[in-house]
Amino acid sequence: MTLLDVQNLWVKFPTRQGIFDAVRGVSFTLGKERLGIVGESGSGKSMTGRAILRLIRPPGIVEADYIRLEGTNLLDLTEKQMRAVRGQRISMVMQDPKFSLNPVMRIGDQIMEAYLLHNRAGRADARKKSLEMLEAVSIRDAERVMRAYPHEMSGGMGQRIMIAMMLIPDPKILIADEPTSALDVSVQRQVLDIMDALVKERGMGLIFISHDLNLVAEFCDRVLIMYAGRIVEVCDADRLHDAKHPYTRGLLNSLPRLDHPRDRLEVLQRDPAWSDAPSVGTQE
Amino acid sequence: MALSENQTERRPRAPLAPWLKSILVTLSSIAVTMLGLLLITFIIGRVMPIDPVLSIAGERASKEVYEQVYYELGLDKPVIVQFFYYLSDVVRGDFGMSLLNARPVSEDIRRVFPATLELATLGVIMGIVLGVPLGVVAAVRRGSWIDQLARVVALVGYSMPIFWLGLMGLLVFYGILGWVGGPGRLGIFFEDIVPTRTGMILLDSALAGEWAVFRDAFSHIVLPASLLGYYSLAYISRMTRSFMLEQMSAEYVTTARVKGMSERAVIWGHAFRNIRVQLITVIALSYANLLEGSVLTEIIFSWPGIGSYITTALLSADMNAVLGGTVVVGLIFICLNIFSDLLYRVFDPRAK
Amino acid sequence: MSDATTWRAWLLTDAPTSRRHARLASFYKGWLSLRGNTMAMVGLGILVGLLLMALFAPYLAPHDWKAQDLGNRLQPLGSPGHVLGTDSLGRDILSRLIYGSRITLYIVTLVALIAPVAGLLVGTIAGYVGGWADVVLMRITDIFLAFPRLVLALAFVAALGAGIENAVLAISLTAWPPYARMARAETLTIRASDYISAIRLQGAGPIRIITRHIWPLCISSLIVRVTLDMAGIILAAAGLGFLGLGAQPPSPEWGAMISEGRRFILDHWWVATVPGLAIFTVSLAFNLLGDGLRDVLDPKDGGIE
Amino acid sequence: FAETPANMLVIANRIDDITTLDPAQSFEFAGSDVIRNVYGKLVNFDPLNLDAGYQPDLAESWTVSEDGKSITFTMREGVKFHSGNPVTAQDAEFSLRRAVILNKTPSFILTQFGFTAENVADTIKADGNTLTITTDKRYATSFVLNCLTATIGGIVDMKTVMEHDADGDLGNAWLATNTAGSGAYSVQSWKPNESVTLVSNPDFYLGAPAMERVIVRHVQESATQRLMLERNDIDVARNLNPEDIAGVQTAEGVKIEEELKGRLMYVSLNQKHPELSKPEVRQAIKYLVDYAGMRDSFLKGQYTIHQNFLPATYLGASDENPFSLNIEKAKELLASANVGPFEIEAGVREAQDRIEIAQSLQNTFAQAGITLNISVGTAKAILARYRARDLDVYIGAWGPDYPDPHTNAGTFAYNPDNSDEAGATGLLAWRNAWDAGGLTEKVDAAVIENDRDVRAKMYLDIQAEFREISPFAILFQQIEQSALRDNVTNFSTGQAITSASYWQITK
Amino acid sequence: MIDIQNLDVWFGDGHDRVDAVRRATFAVNAGESFGLVGESGSGKSTILRAITGLAPTWSGRIEIDGQILHGKSRDRTFYKNVQMVFQDPYASLHPRHSVDQVLGETLSLHGFRDIDTRVVKLLDDVGLGTRFRFRYPHQLSGGQRQRVAIARALAGEPDILLLDEPTSALDVSVQAEILNLLCDIRDQRKLTYLMVSHDLPVVGHMCTRLAVMKDGEIVEVMDVAQLRQMKASHPYSQSLLDASVAQ
C-alpha cells in the first residue's frame, strides 16, 4: 500500500546566473518498505527529502503536481497543518548529527520535546518514553545521556539520539539523510541494524539517502539513483549489480574492492545526455 | 563591539582543579590590566600640558605660591617615585584628594557613580527590552519591511549625535509638552528628603517608601535613560539580528522544524537559546559603555555622573580625580567582562 | 549578441583566463550581489555624492565658506541667497557644509587607515605567534579597551594640542582595540586551518603567513566593521569638536558646526540641525553600505559561496 | 510642575569652578558668590546701594593713624557666628593672619601691604574690641579697605575653625567643605558640579533673610537653563547666551536684569614677536577689531565696548573708546612700519563666545594681510602657554580681584622686571613681555595717593597712555544678563565690584 | 625512507594531557606505499603531523631519509623532501588565493625561477589543465580542489608524500579519479607514500603494507596479502576487516 506518492517534484533556487534546479521532476512512491536514494554529492538527494517535508525556505521554490501522504496533498496544507505532519507522520534524520542537535539543550529535553509536541502527556510520561526510545536505539546508559549535552556525545551516539528523537512520535515515514556517512565502519553497522529492526517492527516507510551504493544495495528494498536532480534509474536492491544505466554502473565500478584488486579504478565518464533525459517515473 | 569573536578565546581549560586555575588566571590578568590602566592614566597625567598646580593655585598665582603648591603635590619627586606613592595609596583604597573640590576622590566617586549606575541601568534595560525582540524579528523576517524599519531605527540611533537628540528631546518633552521632569536628578521640592543609602535615588526612595520622590526621580531619569536606551537598543538590535541570522541557518533549527514545532517555538525555544551567550557579551559591553558615563548626555541633563566628573577633572587637570574615575571605570569594565564570562560558562554547556 | 552581454559573460565566467580576469570577475560578482541590495546601493550613492561634493566644492559652494557678515547672521532656512541659512557669524551654512565634506572625508579616511590597521597588526600577531606575545598584546588591548574612551582621546588631544589631525589620532587610539580582538579571534581559527599548515609545510615564515595568508581573510570582516563604525567615528570627532578639541576654527567641520549651533538650538534650530542631518546621512550611508558589504564579503552569510 | 516655594530661591548657574569654601583660599566666581553670603567682613558693600562704595559691616567704624599706615577697626557688638559664638576682634585678627600665613593664591591681596607670616603678630593685632592693621607704607585708605571687601577678607569663627585644625593647617581642610561665618546664610550642602544649598541665618544682624533656602544648581547648558526657567523650575538663570536671552524675553513671567560686571575681554600681543613689538603694528591691530559688529551680533547685550583697563564704575574709569574698525588706517599704519603680510598664532580657550571673537578677529586681521591662526584648547592648557610667554596673541578675559583701580593697573600696566627670569606670571604685562613703557612708576605712585580725585586723575592719565602704547587691545566689558521670574526682586550679582548676595531678595 | 620508533605524541600537559599516539613504531621503505588505518581519533593524523612538525610535543625517534628530526622546526631540505596532502580539500586551500597564486607561491618558496612554465606543467600533471589556473577555490569542485592540493604538494618535487585521508571527503566517483592520479604520479616520480585512511578497500588498493591503530597504539602491521585474505592476528584488526567486508 502506498504511503507517499510524489509526482513531478521540482526544487528551484534563484541564483545570479538564473534559476538553478536542484531537483527536476522527480516522481516516486513509497510503501511500507525501505527505499534507497543514491547519487553523487549535489545530485539533489537531500533536497528531495526536505521538499517532502516542505522544509525548503524561501527563496527556494518547491513545485510538484502533488505530494500525497496517504491521500492528502501536502502542498495544499497550511503551515499549521503541516506542523502536525512533521514529526508525527513524517520524520527526518538529518545528515550530520554534530550540527543537527541543539548544542545548548540537554539531550533529554530535546527528545522529550519531540514527544510532547504531538502527545498530550506529562513530563514524567515523556521522560519514560524517551528512556525507552533511547534504549531501543541501543544506548546503554540512557539516564546519563538524557542529562548530557550533544557535544559530550560521539558521532555514533549523536546519530542514534537523532534517530530516537525522530522516531519517538511514531511517524509513518522516516527519511534518513545519510545517517551513517559520518560514522566509523563499526558504528555504521549498529545504526543500520537498529533502523532495520525499527522498520520491520513498526511497519514504517523508510527513505534512506546515501551515496554509498553497496550499502544501499544491501540494506534497502528498492533504490532510486539520482543524477543532477533527476532519477536516472530505479531498481530493486538485490538487482542493483545488474543495473543498466552507465551512471549506476560507473558508480559501482569506481569503488576499490578488497576482494577484486585492480591496477586502475574505473573512472566515471559523464554523459551530458544523462542530465537532459527525463526522470524515470515509478508509478505502480 | 562584537565580542562574539571571543568564543575561540574561551576554549575550556584545565580539567585539573579548573576553578582554582581559572581563578588564579583571572585574578592575575585583572591585576595586570589594572596596573597597566593605572600606569597609563598616570603617564597621561604627567605628559598633559595641563598643569595641576595651576588648577589649584589659579591663574593669578605668584611664583612663590605656585612653587609651594608644586612641592605640596610632590611634583618635585621623580615620576617613578610619584607613581609608586600613588600605587600604594590606591591599593589601600585611597585615591587621594580631589584637587578641585578638596574632598577625597573616593567620596566623590561614591556620589557620582550611583547617578551614572542608575541612568545606565535603566538605559540598558530599555535597550534590552526593545532591542532584543527587534533584532530577533528583523532576523527572522530578513529583508521584510520590518527588517528595514528595524534597520533604520537602529541606524538613526547609531548615527544621530546624542547631544542633538538630547536637546531636542528636552525641548519637546520637557519644554513644550512638560511630560517629564527637567534636568537634574530630582525636583527642588524633593531634594534631600530621602536618606542616601545606595545613592541611586529610585532605589533609595523606594526603600524609604517615598513614592512621591520616586515618581519625581523617575520623571527626571526617564528622558536621559531613554536616550541612552535608544543608543544601546541600536547596538543590541543590530548584534541580535546578526547572531540570529547565523543561528537560523543552522541545522538544528531545521531539526526542530522537522519535529513539527511552531515557528515561534523554533525561534525562541531553540535559536534564541543559542545566542544568549553572545548576547550577554554584547549587553555587558553595551552596559559597560554606558557606565563609562555618557559625558554629553550628562552635561545636557545636568546629571552629576561619572562621565562628566572625569571629563571636568581632566579638563582642569585634577589628576587624582581622573585617575580615581578611570580606575573605577576600568574595574567595572573588567568586572563586567568576568561576569559575562561566568554567565557564558553557565549558559553554554560546551564551555565547561 | 550585444557587447554588454559578452562583457557580462566574460566577467561571470567560472574559467578565467588570466590573473586580471580572475580578479575582475570576482570583483564583478561581489558588485553584482552588492547591487542586488537596494539599501547598500542607496548608501553607496550617498557616499559617491559626498565624494563628488568634496571634489567639486569650489564649484558647488554658492559663497565663500569663511566670509562673515555679522549683519546678516542666523538667517533662517530658505532665506534669499542662503538656502540653508547663515550661522552665528553670518556665514553661509550650505557653503560650509559643502566644504566641510572634505574634512569629514579626511577624518573618516584617516581613522579608517589607522585604527583597523593597527588593530589588524596587533591582533594577528597576538593570534598567530601566541604564547607570551599573545598575553602581552592582549593585556595591552584590554587596558585600552577598559580605558574610558573619552579620557583617552581628551588626554591625547590635550597632550598634542587641539586640531583635526590630533583628533583623528586620538579617535584611532581609542578605536583599535576592538579590531585587534576581532582580528585575533579570527586569526586563531585561521591559524588552525589546513591551508595554513599547508603553506607552513612549504617552509613559509611567520611574516609571510601573517601578511599574505591571514590578513586577506581578516580584512573583509574588518572592512565591514569599519564601515559600520564610521558613524561612530564621525560622531566621536563631533564629540571632540563639541568639547572644542576637534577641528580648529574657522574650519567648517560638521561636528564643530553643530557645537557652534547648539547654543541656538531653541530659536535657530537649523544651525545645528543641518550639519547634524549631514552627519546622520553620511553615517547612515556608511551603515547601509556596511550591511551590504557584510552580505558580500562575509563568507558565513554565504555571499561568496 | 508647580512654582518654586515662596521662601526658596533656586538659581541655575555654572558652579563647576568652586574648589573650596575657605575664604582664605577661594578665588573663583561661584565660590565668591557663596562666601559673600556666608561670611561677614570688616567692611562690605550694600547690595541695594553698590554705588555707595564700602560700608561698615562687622567693623562698625575705623580710624586711620596719622602716618596713614595703621587702620584701627572697632568691632560691631552683638553679632554672632552661626555657631552662636560672638564675633570679636580676635576672630578678625585670626582670620586676616590666617589668610596671610596660609599664603594661598589670593593672599597677595593682603600681602601687597607688607604682611608676612613672620610679621603678622605685629601688623595685625586685636586689642579688646578693636583690630589694628599696619601696612608697610602709606597706601590710599580706600585701596586698603577695598581690598578687605574681597573674599579673602571674610571673618571666620576662630573657635570653631581651630577645633578642626589638622596638622596646623588652621582648619584649611575643614573649611574647604564647611562654613563657620556670621553672614546671612550658612552652607547646608555643597555637592560639587551639582548644587550648593544655603540655609538662612535667622539671627543675621541685618535681619532674617526672606529667602530661607537658596539653592544654586549647576546647569551647564544655556538652553537647559532657559527651559528650566520657562518651566518655572528655577527662579534665576545666570548663564543665558544672547540668543536665549532674546528668546526668553518674550516668555511669560520672565524678566531680564542687566548688571555691568568687572570682567574685560581683551586681546594681547606678545612683545617677543618681532612684528607685534612694533608700535605701529600694535596700534594697527586696535583698528582691526570690529567692535560694534561683535557687540551688536553674537555678543549682543552681554558686552559693551570698553577700551580701558579699568572697568566702568571703578575709580578712575575712563569712557574714552577711540578705536573702531578702520581697515584703511590699519593698513596705513602697517605700511608706515614697513610690515608686510605676516602670520601669528592666537590662543583661546574652548568657550564659544571667545572662539567667535577670535574668528571675527581672524576675519578683520586678514583684510589687512595678517593671518591669524587660532589654537583652541582647554583653559588650563592655553593659560599655561600664556604664562610661559609662548603665545603670539592671547584672546581672553580679565576680572578684577578687588574693587580698587590698582587691581587692574597693577597687572596691565605694571612690570618692574621684564626678564624671563623674573617669572612674574601674575602680571599680564610680563606675560606679554611688555616692560610697561614707564607706566610702572606711575602705577606705584597712584596706589599711595590718598586724595581720591587726584588718584582718579592719575589713573585716567595712565589709561590714556596705555591705550596708545600698550600691546593690549581692550575690547569689551561684560554685562551680566540674568533672567528671573518676575516675582523675584532685589536680585543683585554684585556688579563689577563684588559678588552676588541673597539676603535682600524677596519674592 | 621513513623510520619511526617509539613515537609518543601528546597534547597539553599535566591533567590536560591527551596521549594521542603511544609507542608507535614502523618503517616505510623507499618507493613503498604504507597505510595507516584505524577508527576515528586513533591518532593516525597525529603521526603525520608529528613528522611534519605540526604537532606540538612528541618524543621518540623520527628518521626521514637518513635525517633524524628534532622538535618542531624543520629545515628547507625537509620541506623539499616531504609534503603532505590534507583530508579536506575544502579546508586545505586558501579561500582567497587562486590556483595560480597557490602554486606560484609554493614554487617561489622552493626557490624556482621559471614559475609560469612550472605552474602549467603541474596543472597538467594533476590533470587539471590551464583552464583552471586562475580560478578560486569556490569555483572548483571537491575533486578539483584535491588535485590542486596534490599539485601543491608536488611543486617542490618531494620524494615522500604524506596523505591524510585524501579521498574521504569526496564522492566515490571522484575518489576513483584521485586514487588513479595518486597511483600515476607515484609511478612517474618514484614517490614514497604514507597514507592514512579509515577505508580498508582504499588502503588495500593503494598500499603494500599497513599498520592498524587503536587508541593511539599500533596494534598490528600487516601486508596487503594478509588484508585480502582477511587474516589479521589482532582481534581489533579482525573486527575492522569484518565490518568493511560485510557490506
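The first chain written gets the first letter, and so on, giving A, B, C, D and E; residue counts start at 1 in each chain.
As a convention for this text, contacts are C-beta pairs under 8 Å (C-beta built on N, C-alpha and C of every residue); 3 or more make two chains touch, one makes a residue touch a chain.
Note that the coordinates shown come from a computational prediction; the quantities given were computed from them, not determined experimentally.
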Steps needed, at fewest, to go from subunit A to subunit D via touching chains: 2
Smallest count of steps, each to a touching chain, taking subunit B to subunit C: 1
Which of C-E and B-D has more C-beta pairs touching across its chains: B-D
Distance from the mean Cα position of subunit D to that of subunit C, given in whole angstrom: 47
Between subunit E and subunit A, distance of the C-alpha-averaged centres to the nearest whole Å: 33
Where subunit A and subunit B are represented by their mean Cα positions, the distance between them in whole Å: 51
Residue list for subunit C, restricted to those that touch at least two other chains: 158, 161, 243, 262, 265-266
Interface hub residues of subunit B, defined as touching at least two other chains: 48-50, 167, 171, 175, 315
Residue numbers of subunit A (touch at least two other chains): none
Subunit E contact footprint on subunit C (complex, rising order): 14-19, 21-22, 26, 193-195, 197-204, 212-213, 216-217, 299, 304-305
Residues of subunit C touching subunit B in the complex: 39, 139-140, 142-143, 145-152, 154-156, 158-159, 161, 178, 181-182, 184-186, 188-189, 225, 228, 231-232, 234-235, 238-239, 242-243, 255, 258, 262, 265-266, 272-273, 276, 279-280, 282-284, 287-288, 291, 294, 300-302
Subunit C-touching residues of subunit D, taken from the complex the two chains share: 222-223, 226-227, 241, 243-244, 246-247, 290, 293-294, 296-298, 349-352, 355-356, 358-360, 362-363, 373-378, 381
Subunit B partner contacts - residues on subunit A that touch it in the complex: 50, 53, 55, 79-80, 83-88, 91-92, 94-96, 99-105, 113-114, 117-118, 149, 151-152, 162, 165-166, 169
Subunit D partner contacts - residues on subunit C that touch it in the complex: 66, 68, 70-71, 73-74, 88-90, 158, 161-163, 243-245, 248-250, 259-260, 262-268
